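Below, subunit A partners subunit B and then partners subunit C, in two separate complexes.
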Partner chain A sequence: MSELIPEDWFEMNPFALNQADKEIKMRQTLTSLHHHHLQHCEAYSNLFSDASMDSLEDFPYLAVRLFKYLTLQSIPQEQVFKILYSSGTTGQTPAKVILDQDTSRRQSKVLVKVLQDFIGKKRMPMLIIDHPGVLKSKDSYSARGAGIQGLSMFGRQPIYALNEDMSLNIEVVQAFAETHKNQPVLLFGFTFMVWQHFLQSLRKSENALNLNSGILLHSGGWKKLEAQKVSNEEFKRVCRKTLNIEKVHNFYGMAEQVGSIFVECEAGHLHAPIYADVVVRDPQTLKVIDNNNPGLLQVLSIVPGSYPGNSLLTEDLGSVLGVDDCLCGRKGKYFQVLGRLPKTEVRGCSDTQA
Partner chain B sequence: MNNQEKLFQAFASALNIELNQVSPELTYNTIAEWDSTAHMILIAEIEGVFDVMLDTDDIIDMSSVAKAQEILTRYEVQF
Partner chain C sequence: MIHRLKHFPEITYVLQPSEQQFSGKLSPFSEEIISFVNALSQALLKGSDSANQPNLVALGYWLRKSNIESIKSEFLGNSAYIYKPVGTVFHITPANVDIQFAYSWLISLLMGNLNIIRLSQQESEERTILLNVIGSIIDSQAYPNIASNNVFITYPHNDQITKAISLESDARMIWGSDTTTRAIKAITSKVSCRDIVFSDKYSICLLDLQGVSDYHQLANGLARDIQAFSQLACSSPKVIFSVGKSNLPEDLIDKVYRHLTKENYSSARTTNHLVAQQMCAARNELLKVVRLPQLTVLQLSAFSTEVLDWHNGEGLLYWINIESIEQLTNVIDEKCQTISHFNIDQTLLIKLINELPINTVDRVVPVGQALNFSIVWDGYDLTEYLSRKVTVIPGR
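The block that comes next holds the complex of A and B.
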């Protein structure tokens, strides 16, 4: 399958191509992948034909929730390497993502290439805003565990900030801040957990940390924070005040497209790397709508090979803010996520654990 | 112990396998013991044994024992 996704993808800077050149490159690879899935995934071939695609917007998309109801796979059973379950809890059916070795390897590679552009190649001492038990069960490979494991590649001697009951392990956290004073450190957690169990716990106990050279990465959805009226700006303000951290990057991604994440830049915009793209569609007509208008987000990724997840219609609302001209200098599309389409399930790594 | 013996020993202890299971051809994810979790333990072990700081590119490139040797050579570890 590796020949479907040429290795030269990983030798380029993930934000150097302008949108027109990137689309040509993505279209080639996505066309091969589309044919691959037509040949090897019955459910996919029942839905789609091999009509030619002239632009990224022409690629057929699957509703992301299909991964909850169907086992979608484009590889023989003996090549199944791992099954990733999204963070469904009681009352919610988890999505099921079938991985082979190639796709799994590509996920790590793409994740590393994308994040290197924001945090550099050097690994830093790392504080994970979660509890260590989340990785313990090897049988159920959860999206939350996978996220932590993926990000752990950027860390040295990862330390967990929370106890099993989600309370803050203040001694460990203070020792971490003290040991790495004035050094670059990396913090990672799911947005809601960072807010509720880390920032709020620190505030309540009237503790503040000085991690002035730190970088905080967080992801997993804003739904619960929206309910508490916490915006991205407020989140960052509290990070500055409580952690003395200026560099805070949210990222948008999903279990069905692990690896090709959309990271928030210094100007506060989410960026599509060369491996991925977004298209915004009208929620009623599903027609592509103009930039700056909110609609349903469709996400494209070259990463999945073992399952037909290269083009997915999400249940998230967002809008494209611009193309090739972000102040941060990165090329390609940049956008914002505006929340979830009303009446969908509560979903997301951080929203499922209150 | 020469550096190759040290490297093989690092693989054996990090992956918790017998020394005689380690060969240059041993590849990531082909044995249950060398999965993504063990991979990070292995990285820490190699960094400790050879006193090097590997970056994120090295972590994704280190797909076999032979590859580990090649990467370490770039950090002036001689084999």
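The block that comes next holds the complex of A and C.
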């Protein structure tokens, strides 16, 4: 299957191609992948056997929720290497994503390529804003565990900032800051954890750290922070004040489309690397809408080969902010995520809360 | 009881309760009740706010004098028993059918009960209008016993409060999903408390278009049935079974669509319908899609109850052609509540009900009446369940 996705994708700088050239290249690979899934995934062929693909925007998309209900795969069972489960809230069916070795390898490669563009090639001492127990359940890959594991390879000697009960392990954190004073360090955690269990705990205990050469990467969505009316600006302000960190990068991605990683640049914009793209659609008509207008995000990626996840209609809202002209110098589309579609999955005739 | 509720600061009173204790002075269909219900009916039918709300007009119409009188005479009939209220009734009411609480409450009120009505925390325009109407009639002080015997509250998830009320209640009307109902049933209640449970159900529509040339009445009725409560009520049909015809009658669908009045659907509607469409297509069951601004119709090659899992209302119909009515007996499960029908012979309907498994289908009504409330609901005769029969055997 590797011939479907030429290796030269992964040799290039992930932000060097302008949008027009990138689309031509992506369309070729996506078209081969489309035919591959038509042949090897029955559900996909039932859905899209007569789809047309004249442009990236025409490319057929799967509603992301289908991964909750169906096992979608385009490889024989013996090639299944890893099954990824999304972190649904308790009681909800998690999404299920089937990976083979090639897809998994490409996912790691892409992650390295993209993140290195933001944090450099050198492995830094790493502080993980979570507790070590999150990795313990080996049999089921939780998105949180997988995220931490994926990011760990960018750091050295990872240290966990939290205790099992989510309280702050202040001694460990202070020792980390002291040992690596004025050195580049990497911090990673899920947005809500970082805010609630790290920044707020530090603030409450009136502790501040000096990590002036540090970089904080965080991901996982703003839903819970939105409820607390915490904006990205506020988040960054508190990081500056409490950690003395200037370099704070949010990134957007989802378990259902491995390898799609959109990192926030120095100008505060999420960037699509050459392996992936975003299209914004009207939530009512699903027609593509103009830049700067909010709508549903469709994400495209050349990374998945073992399952038909190359083009997905998400339930996230966002808008494209520009193409090829971000102040940071990266080419391609840049965009913002504006939250989720309000949940309206309802059960039966009534949903009283117990 | 009302005093005990004051121990819980989490409780919000949706209508300010009277300071008086429960009086317990009402009996089934007593004069004060009948007069109150009549006043409510008039206010809903004539009020300037409620007159624009079809669900409130339907409630007002259902409460009209003649209907209440006929329920009363059928109930009291020439029974040998003396009827008394059951006592205190705790209504745990749904969020997505926002005025369902009123039917639950009013039936219980007619039987003379004391009522604690727990409303969902989700407000809506029509619910606010209804509560204002009820509040203003209660405030008129013409109905002192009703004012003191009915408490409208809301509170966030709190088992302690639910338990405290359950321990004082003689009956609980539980409207909820299976998960919620299970959770509520697990909460300790008064030993003699009767639980009347309205769980997850779905409804279907059965049509025979053979020989039908004018779709006007059918289209109007279907639109009525799917429009109410954004098609989220159990009684709204989600599936249409059409006997005998093999094509999707697009002229009928177009007429149904024209009868739907503009509604503000949620921003997730299109995605929800897309999920249903793609799921059916992925399973190779999708034959045809008709997508109109207010209505999506997915024609399927066969029906399985799984397709209901990704049905989230807001104008989505599954359409299935069947060769004969008998085919239904194999596909309907115990969660089917209402069959609305059009152009189906009555003897065939009775035969169908007799052939279905013993625990399915609670109502069979003509198209257009799927949402009409009735005192017999989900198989319960609510007047019976919300009252007590007192045996009085005369002696010497």
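The rule we apply is simple: the second predicted complex is superposed on the first by the 339 of 354 C-alpha atoms of A that agree within 3 Å, B and C clash if a C-alpha of one lies under 4 Å from a C-alpha of the other, contacts with A are read in each partner's own complex, and residues count from 1 in each chain.
In this text, contacts are C-beta pairs under 8 Å (C-beta built on N, C-alpha and C of every residue); 3 or more make two chains touch, one makes a residue touch a chain.
A quick note: this is a predicted structure, and the numbers were derived from the prediction, not measured.
A.B. asks: Tell me the contact category for A:E315 with respect to subunit B and subunit C: first, second, both or neither.
C.D. replies: In the superposition, A:E315 contacts subunit C only.
A.B. asks: Using the touch definition from the top, say if A:N293 reaches subunit B (first), subunit C (second), both or neither.
C.D. replies: neither
A.B. asks: So in the superposed three-chain picture, is A:N13 touching just subunit B, just subunit C, both, or none of them (first/second/both/neither)?
C.D. replies: neither
A.B. asks: Which of the two partners, first being subunit B and second being subunit C, lies in contact with A:M153: first, second, both, or neither?
C.D. replies: In the superposition, A:M153 touches subunit B alone.
A.B. asks: By residue count, which of the two partners contacts subunit A more extensively, subunit B or subunit C?
C.D. replies: C
A.B. asks: In the overlaid three-chain picture, which partner chain does A:K121 touch, first (subunit B) or second (subunit C), both, or neither?
C.D. replies: First partner only, subunit B.
A.B. asks: Figure out whether A:S55 sits in contact with subunit B (first) or subunit C (second), or with both, or with neither.
C.D. replies: neither
A.B. asks: State the interface residues of subunit A toward subunit B in the complex, per the touch definition above.
C.D. replies: Touch residues, subunit A against subunit B: 81, 101, 104-105, 108-109, 112, 115-116, 121-123, 135, 138, 149, 152-154, 156-157.
A.B. asks: Would you pull the subunit B residues touching subunit A in the complex into a rising list?
C.D. replies: Contact set of subunit B toward subunit A: 29, 35-37, 40, 44, 53-57, 59-60, 63.
A.B. asks: Note which residues of subunit C are touching subunit A in the complex, please.
C.D. replies: Touching subunit A from subunit C are residues 92-97, 100, 118, 120-121, 156-157, 159, 162, 174-180, 183-184, 198-202, 232-235, 266-272, 274-275, 278-279, 281-284, 309-310, 312-314.
A.B. asks: For subunit A, which residues are in contact with subunit C within the complex?
C.D. replies: Residue positions touching the partner: 42-44, 46-47, 62-63, 65-66, 69-70, 91, 283-286, 296, 313, 315, 341-354.
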